[in-house]
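In the two complexes that follow, chain A is the common piece, with chain B as its partner first and chain C second.
Moving on, here comes the complex of A and B:
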């Protein structure tokens, strides 16, 4: 069996798992409901693609990591451990990891992208100003910007998915996997921003490099890229973030996380550390349970 | 894994990889594609949201015979869905220098200017540009025509591609103007005839504006008060002319005394009732000595003044005829929106005929005192009872009316104005107007001052038509059926300051541009302030206990609305049209009863959106504060103002004040519902704000 065949089979298996799991469909419908509620409260949908993206940016910063962790935290861990099954495939570790990752990423893209596409379709029908008295025009608004926003959102999800998967290979039990997943969630949603904030107030981060340093925090990188390449088109005011630093930051998290998964998948190299971390997180989770 | 399934997997794999490559390629393409390449085509100027010319000027230009075409600009902004039209390149240049301009509209995607090249442009005597007479001719010669032809919809050129003639003899009604040309030769030919020099677009953007901006309006108030004071002082001296004639001693009637008296002297009118009609046709002072009453025969006008520098002091006037202009005037303005963009005098023909229409309607009928073509007249301490008009000033600039009381018809539909000031800028102060149509109605009286008057139970308190540069201060009004102060027909530079208006349908309705509405107290009205004006400042007003606090009408979000106190209005703000407005300037907004959030002692660090369903109910509905603090709603509020020009119909204050601005008023009224929430910053809010 070729490298691609193995990859394809694994990916396909993951996609089918996502498709067959009804709760993922429910999750997608739930996201659509949240988007609809947010846009109703914010009013962006009447304004056009850019205001819609602005309204959805903050909810997505929370929801995308949530979906990514939900998809990733038990990719290799948990009591119903799939790892022996996966490892029994006649494929390399790299293909295996890539397959699982790409399969789940396609699932993630569907779960988040579906509702977003629906929102985009709604904007195209009711967005933008109309007037019988005055001439109107689109200004800087464009569906392309919304697709950009969608693409950035999926990329952000892809990074957090990889991080969640990396967390899942480091632990043994499903409870520990959940705790590790939640840890990823907290780090992504608030940790990076708070560190940047602390660094700035403690003068550890100079004002001139803030835009660059922010690239290291995945959600700051995501927010910055949206502000720069979607919202910034209408305001013509750049400087939301150092684009190359943000791209490098996201890519770095992705590569490091996937690397960690590849290395950690067969439990050999870092067994000791892994066991230790696993037990620690297990105990923390146990303590939380009580 | 069975051998049979392998080819299927192979196909799938190839498909999957191709899709992956395609997706990555598309995504990369998304970020490379240049979105700004398509330049929109110019539109008919009538379809733009236009600024820079008063309605008066527009109508006069529409009605003039010559084919006048002012230089115009139309701008397509990145965030603003309407095309914005400017009369005069210089008015665009001034507007784009305003600090919040780009934040509100985004940057210009495309700017077109009028192209005069190849159109036989000439200037009228007053410097107004005139182009070739017929449309057909224009089309044939319009070398740089970008679109339609009718009514000046064509003949546009991209601003960056044009050259401009500055400092030439060309004018708009507002002053000097810049002339754009699509090619350099045409511009050179123009310079040869009318002077000036040729510059590029970048240089034009730096040309100083002919008009004052709204900021300057604020600074002019004191100067204008001083001017008004000087006028009043000069007119008041007319009271002191030597007495040469006494009615009853020297002459039997007031009229015969006037005829006998030498000019520039005083005719003294002792206590008593004088049943006659009086005509003053030379500069005299008519002064009462005690309770002197001139009573007409209930037919026609009682006192007619046609001489400059006449003074009319201390007399009572009644017995006025009952003829009034009738329903055209009474109903003409109470329902329609005269100041709106749709206002059209298209049925009138020829210069000034629109003006004649209004004069026919408003300057007709009987009046207690009529002043016609007489400059610098004084009407002082006079009491008037009338079922028609009180005083009609016609073409009598420099007139002063003070300390006077006009009691009009109880039913305004049967009455007329307290004072009609037609082409008669002057000063009206410390007077009282009860009942009748409008307390003070002005028409083309640029620079009139209306100060310290009391107006009760009229149709409108002060009604400005085609009047720019007016000073309306410290008036007290109540019980107006239509409005306390109504500024119609898009004038410029009016100041409405320190008035107290309560219990009206609309306290203040202000149209036009570059106007200043400040320090007014509007309470218990159906509507506190309607803002139709653009490029104006609305600040430090108290808006309390109204059904609707402020209604935002202006389509262009160019006003600065800050440091107002909104208390106990059923709705603080409503919006009738337009895009999102940000009512914050330099990090400070307004005081909103109900606004919540952490504060730094000056402002609340949570945006307040008075037009939003939850924020708008904060000061009235229990539980709204809990809902407003929901992370989902809180998170939304954070970015609301990011692209204001793309958002519909909202008002947002990103830095609400935590304590009222006019705290003296609140203390005087002993209100308890404005408990400041500045404390989280340490100490009392009001103290941190006002002690330093």
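Moving on, here comes the complex of A and C:
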């Protein structure tokens, strides 16, 4: 059996699932509406690509994890869970995980990338004179920087998608999967920053290592990389984060999460952890119901 | 039917925490036959089936496939098959066929009587039609062993009969069919060999005639009643946690 047999078919099924799910299309339209509202209020679109990226950065820190969790939390649950049948075909666990992940990542790139490309196109028409040229030197606004911003945003989504999928395989019921997905959302959106803030106020983290510590939090790493490699390039205002720590942090979350999915897809490893998480998320879901 | 086993089960036990669902189950599944696993609710049928197809790992013991080398040795219909919404019956089978060098979906749908519903989305199929789609899926790639967990669940009597006839036809063409079922009349008509599970162990096994003779029973139902004893209560193995 080829190690990657079935990968393409599984990935293509995921892409088609995303395309055929109307709520994902609505999500993309909703993102465009939020972007339009944010840019109208912030006025960044008239300033060019960099001001636009700055205006969208904060909303994206919340919206990208939201989209990633929406795509990932039931990747292996409910009607999407045909693992026992799929594994009776010559499909390895690695191919199955890679296929589902890549297929949903393509969907995520479309849902987030589509509205961002529309924003980029709007900037090229509405933005200042500088926004209509491809800058070849630092200190100038450029669509290249906006493409870099878009790529970093999709990378951030890719990491959170892997985390949501890991949560999806650790629980069994749809209700528990939703609670686990929400837990991922809270951890990604607020957890890292909160821990860093608490560490800073308790003097457990010195200011000299703050940039490195922030790299361990997915959304801090994303924010730092955007400020460093998009905004900082044009404004010379970088230095918010240790770039290598941020890249290592995002890569670490991605590898660990996908590793957890590959091991967890077997259903039996993590049985104890899964029971504990199932009970915990069940209680959270119960509390949410009340 | 051939004496050569397609699957050998050797001392298989399975525990879920403190609950022992299966204990020391051994059997060999002869090729080209219909083998039925019967037993009361909670006797361990589905656990055994899931271990045979590799969906669960046994706590002890081994399951070894001894049939011909092929791309897909075991086809599987789970007790509650799930299908992706938004895809038609034909698209669903085409997806699974693409994972092996399988046939086009049309003959598979024809075989289970679903040809007219080829373009209908799976979420619009009735429970029985979904079950038939699952059976068609289980035969993709012509696996030498097809395992069907409660294939007649949710089907009307005619459909149930159709499913068991299909199983018998598959066995006639050399495929081994292992199925679990509560429909003892159809099992009696179709199966060559029966494994009777009770409280996680094989309480009796053999050809139906031999079992009737062994237990001095008129029907398979009487055999089951003799083996299980009190059938009015659900067997709860291993106590409570």
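One rule holds for everything that comes next: the second predicted complex is superposed on the first by the 263 of 290 C-alpha atoms of A that agree within 3 Å, B and C clash if a C-alpha of one lies under 4 Å from a C-alpha of the other, contacts with A are read in each partner's own complex, and residues count from 1 in each chain.
Basically, contacts are C-beta pairs under 8 Å (C-beta built on N, C-alpha and C of every residue); 3 or more make two chains touch, one makes a residue touch a chain.
The shown structure was predicted, so the numbers you read here are calculated from the model rather than taken from an experiment.
Residue contacts after overlaying the shared chain place A:38 against chain B, while chain C stays out of touching range.
Using the contact criterion defined above for the overlaid structures, shared-chain residue A:229 touches chain B, although it does not reach chain C. Touch criterion met: A:59 reaches chain B, while chain C stays clear of it. For chain A, the partner with contacts to more residues, out of chain B and chain C, is B.
Once the two complexes are laid over each other on the shared chain, residue contacts for A:148 go to chain B alone; chain C is not touched.
In the superposed model, A:259 makes contact with neither chain B nor chain C. By the touch criterion defined above, A:17 lies against chain C but remains apart from chain B after alignment on the C-alpha atoms of chain A. In the superposition on chain A, A:9 contacts both chain B and chain C. In the superposed model, A:51 makes contact with chain B only, not with chain C. Within chain A, the residues touching chain B in one complex and chain C in the other are 1, 5, 9, 89-90.
Residues 1, 6, 9-10, 12-14, 16-17, 20, 27, 30-31, 33, 35-36, 40, 43-44, 47-49, 76-83, 102-103, 106-107, 109, 341-342, 555, 579, 612, 632-633, 635-636, 638-640, 642-643, 645-648, 650 of chain B touch chain A in their complex. The part of chain A that touches chain C in the complex is made up of residues 1, 5-6, 9, 13, 16-17, 20-21, 78-91, 267-268.
Across the complex, chain B is touched by residues 1, 4-5, 7-9, 11-12, 37-38, 41-44, 46-48, 50-51, 54-55, 57-59, 89-90, 102, 128-129, 131, 133-142, 144-145, 147-148, 151, 155, 229, 231, 233-236 of chain A. On chain C, the positions that touch chain A within their shared complex are 50, 53-57, 71-72, 74-76, 78, 81-87, 95-96, 98-100, 137, 140-141, 143.
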